[in-house]
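The structure is given below, and queries will be raised subsequently.
Residue numbering begins at 1 within each chain, and the chains themselves are lettered A, B and C in the order written.
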Amino acid sequence: MSITKYRTLKDVPKEEFLVAGTPLCAGCGALLVIRLFHKALGGNVVWVNAAGCVTLMATFPYTPLRSSWFYTAMPSAPAGAQGIRDALDILIKKGKLDPAENLKVVVITGDGAASDIGLQSASGAIHRGLDFFYLCVDNEAYGNTGFQASSLSPIGSGTATTKPTHLYPAGNVLPKKDLFEIWRSHRPPYVATISPSHVVDMLRKVEKALSFKGPKLFLALCPCPTGWGIEPSESVQLARLAVETGIWPLKEAVYGEVTHTHIPSKRRPVEDYLKVQRRFAHLFKPIKNEAVIAEIQKQVDEYWSKVER
Amino acid sequence: MRLSDAPILERGHIFNPSYVLVTAPSLLFDPTVKPLEGMADGSVLFVNSSKEVQIVQPKKVHTIYRDITELALKHIGRDILSAAMGAVACKLSGLISLQSLVDSVEEELAELGLAADLIEKNVQLAKECYSSVESISLRGLDYKPSHKVVEVQYMGERGIPDLLSMGNTILRKTGSWRVFTPIVDKNLCTACGICYIYCPEACISLDEQGYPVINYNNCKGCLVCTVECPRRAIKTERETIWS
Amino acid sequence: MSEKSDKNGEGDHMVLKMLTGSQAVAWAARLARAEYIPAYPITPQTEIIEILSEWVRKGEMEAIFVQMESEHSLLTAAGTAAATGARVFTATSSQGLLYGFEMLYSIAGWRAPLVLVNVARALAAPITLEPDHNDVLAARDSGFLQFHAESVQEALDFVLLAYRVAEDNRVLLPAIVNIDGFHLSFTRERVDLPEQSTVDEFLPEYKPVNPIRASEPVAKGIPVLIPPLYSFFKYQMHMASRNALNVFREAAKDFEKMFFRSYATVEEYMLDDADTVIVMSNSFAAVGKQAVNAMREEGRKVGLLRIRLFRPFPTDDIVKSLRGKKCVVVVDQNISIGKGGITCPEIAEALYHLEDRPKVILPVIAGLGGKSISLEEFRHAVRVAERLASLKAGPDGPLLLFREDEAMLVDSLLKIASGG
């Protein structure tokens, strides 16, 4: 990246847009991502939300946000963003609204909303070139309803609907959809993956995205202590491990051109990441499922073998 | 929980509870929970806390404080309280035997697919909780809430579920969730600010010299700060500040 | 839209035009200065959105037209735009309304006023294009106000009235204007097209409540997990909807002064001395009136009551019109499977406590999927009701109006289908 105001962690903006006291679980990765993402976005934001864990941030009569919030419905937050954006545009154009009242419109949904029930709505909004941000907080399952599998649940993970059994020793047998590529195939100005562990990377990406008009899409891996079976304190560590094992590549695509923003010099084995999470425990106990672990490692290796250095 | 020899027809809200068990003292003051509502003179309040809590009590309610979390940590190593609270309820009521309690803890946890050793730990926890309190029989519970039916007026714009007070979750004292308290050791701290960045809750601010200040009213005790601090300058203590 | 580009705005007087129902509601949206039109095509609604998109693309309407990827999304966008402060118009039909169903309740709960034209079309399966009212009545409990139009003129006028009532801060609820597919949407009728300046006078600028603005953050649509609070907000919606009855009456008075057409919540047709009253709504009510005329010529004292405003339900006006009558024949062009018509129980409940309630309330199912209703079918229904009254008996279920010629047609088509 060229000119950026974010060089080190010292540059993280001090202004808080999110206050404490939400009902989200202790150590929730999604909450951390929202907090940091908002710092980079700055003020004058309206969040447009689909049903998911973060919906519970604001429940009557409380909200942790100093910005506006609009809970729409599970399948159609991007359409909700369309309505708000268009309404602001037409009111400003007609002189009914002071341009100083304008807002950045930011969709915030979980992975289930983004990859399953709301994929159509997102695709529509991206296709129409809607000027908005989309932040998908990916905890790799339907967290709010009790951690059932979504199409972003990784292969080998145990969820409430993909419990490992003797018939299905691997747990989830379906692969994780590549939402980054699905989004990128629409050729929006900006798509990126981010991680709460790599804060400067995140801030720079938001900073860059701010310079584009049109869809700016972010996929954030958000460790979920409750669903993943980790200690709340390990949340950021897990996000870091996902990056260091190469499971979660940090990258961006500007008008479809992909760049990796962080290439781990020596990738740690995926096992390091898997074995500390209860959702993968069945891959290690009572007997180690070498085949599935090797398959996961192979997929990661293949991915990186195609990444140009 | 409802106990009766006759068929139980009450459903949903419990209007006048005989026993109220509160898992965290902060819930006592939560306007959205109001656990004390409907308690009659002579009813029993159990609070999971090591210390007494100042509560304005309009009625003569028999109040007991025990640190059940401590027991959960001892037996299970985590603050999982369901078996513990269940055990307290069984004992307080004086209606459920230890054996019935143990049987149902075993049965329900097995249904959830818990491993045998974890079930055993829960059973031990339940047993200790059971013996940690005495049964309290109820004295004359004649409390009749007024429950007058009123007319609701049309409130115009105020009757629309929009929220205009921003950032007010700060009023919710999630500090009571803490089992362990993060405490910054100023001797080790270099004021690098990393803990501030990684606190998911925005509970850490930096003072003028750049040293972290933790908002204990709301800090949930996730301990991300402890783990992320490069100097290991954030120590943890078993929670006492809150209660 | 400038006065000059308004092809029809040359004079101070009204302009008479032959318009289809689709054209008429598009004109109404234009005259209301709708500024946001999210859309998704479905037969028979398409003409409406085609016209509007063209006007916007030509710059004749200062609005944003956006083609969405589904009705669920279109309703979401419509609702959030209205909550942000834009005057929103949209239209759908049948499967589209049901596809977006979740959002009907949401928009109403957000208290976001907008106008949605539903071009009635019967519901699949089996799929069809012809109208009945199961689509619009599926939305009856959502909080949307419902205006049911009989004519193309009413279709246009109701859109204007709907904005006026919906946006009134005693109401703040969205509205559906129902026009029957084909019978209104594609039928040309003579329409008095109002002047822009008069419409501007009739319809004040929309003033949104707690709109989304940088200077005043707001959280909207958020969960209300506390039962008494939920109950409170829902009942507020009900009271707002009940307020709409008088707000409508007020608006209709102004409307009459400005446009010389008067609208009550119901229309009474030859009711004064009627013994038997047919109750209907929407475009087929015209056919009902024709039947009333015929029966009157035969010397039968029959009249017709047409419901214009279905939500809020105009109980008082219905009571006024029907008390003291001998028989009421409620022709429901819809069916609640396993029960019968949807309107009939609502009428019956309105009349139940009256000393002088009608002796017979006959539930009738007719015109499903656009099936025609002939004079003889109306006559039959009236005869059945009057016979029950003379026997002091009640109906033992809904009466389906279905003719012998139709039964024969069905039979022959079933033969073809089975290869027999």
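Please note the rule applied: a contact is a pair of C-beta atoms (placed from the backbone, for glycine too) under 8 Å apart; a residue touches a chain by one contact, two chains touch by 3 or more.
Quantities reported herein were computed from a predicted structural model and do not represent experimental measurements.
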{"item": "Chain contact topology (line, ring, star, complete or other)", "value": "complete"}
{"item": "Identity of the chain that, by mean CA position, is farthest from chain A", "value": "C"}
{"item": "Innermost chain by mean C-alpha position", "value": "A"}
{"item": "Pair exhibiting more inter-chain C-beta contacts, A-B or B-C", "value": "A-B"}
{"item": "Distance between the centres, which are taken as Cα means, of chain C and chain A, whole angstrom", "value": "43"}
{"item": "Chain A and chain B, separation of their C-alpha mean positions in angstrom", "value": "31"}
{"item": "Whole-Å separation of chain centres (CA-atom averages), chain B against chain C", "value": "52"}
{"item": "For chain C, residues that touch 2 or more chains besides their own", "value": "217-222, 224-226"}
{"item": "Per-residue multi-chain contacts in chain B, two or more chains", "value": "161, 163, 166"}
{"item": "Residues of chain A whose C-beta touches two or more other chains", "value": "58, 60, 63, 65-67, 69"}
{"item": "Chain A partner contacts - residues on chain B that touch it in the complex", "value": "113, 161, 163, 165-174, 177, 192-194, 197-203, 206, 215, 217-224, 226-228"}
{"item": "Complex contact set, residues of chain C against chain A", "value": "35-36, 38, 62-64, 66, 68-70, 72-74, 76-86, 88, 102-103, 106, 212-215, 217-226, 229"}
{"item": "Of all residues in chain A, those that touch chain C in their complex", "value": "43-44, 46, 48, 55-56, 58-60, 63, 65-73, 75-84, 86-91, 93-94, 96-97, 100-103, 120-121, 123-124, 127-128"}
{"item": "Chain B - residues contacting chain C, complex", "value": "13, 32, 152, 154-157, 159-164, 166"}
{"item": "Touch list for chain A against partner chain B, complex", "value": "9-10, 12, 14, 16, 18-24, 26-29, 31-32, 35-36, 57-58, 60-67, 69, 163, 196, 199, 225, 231-237"}
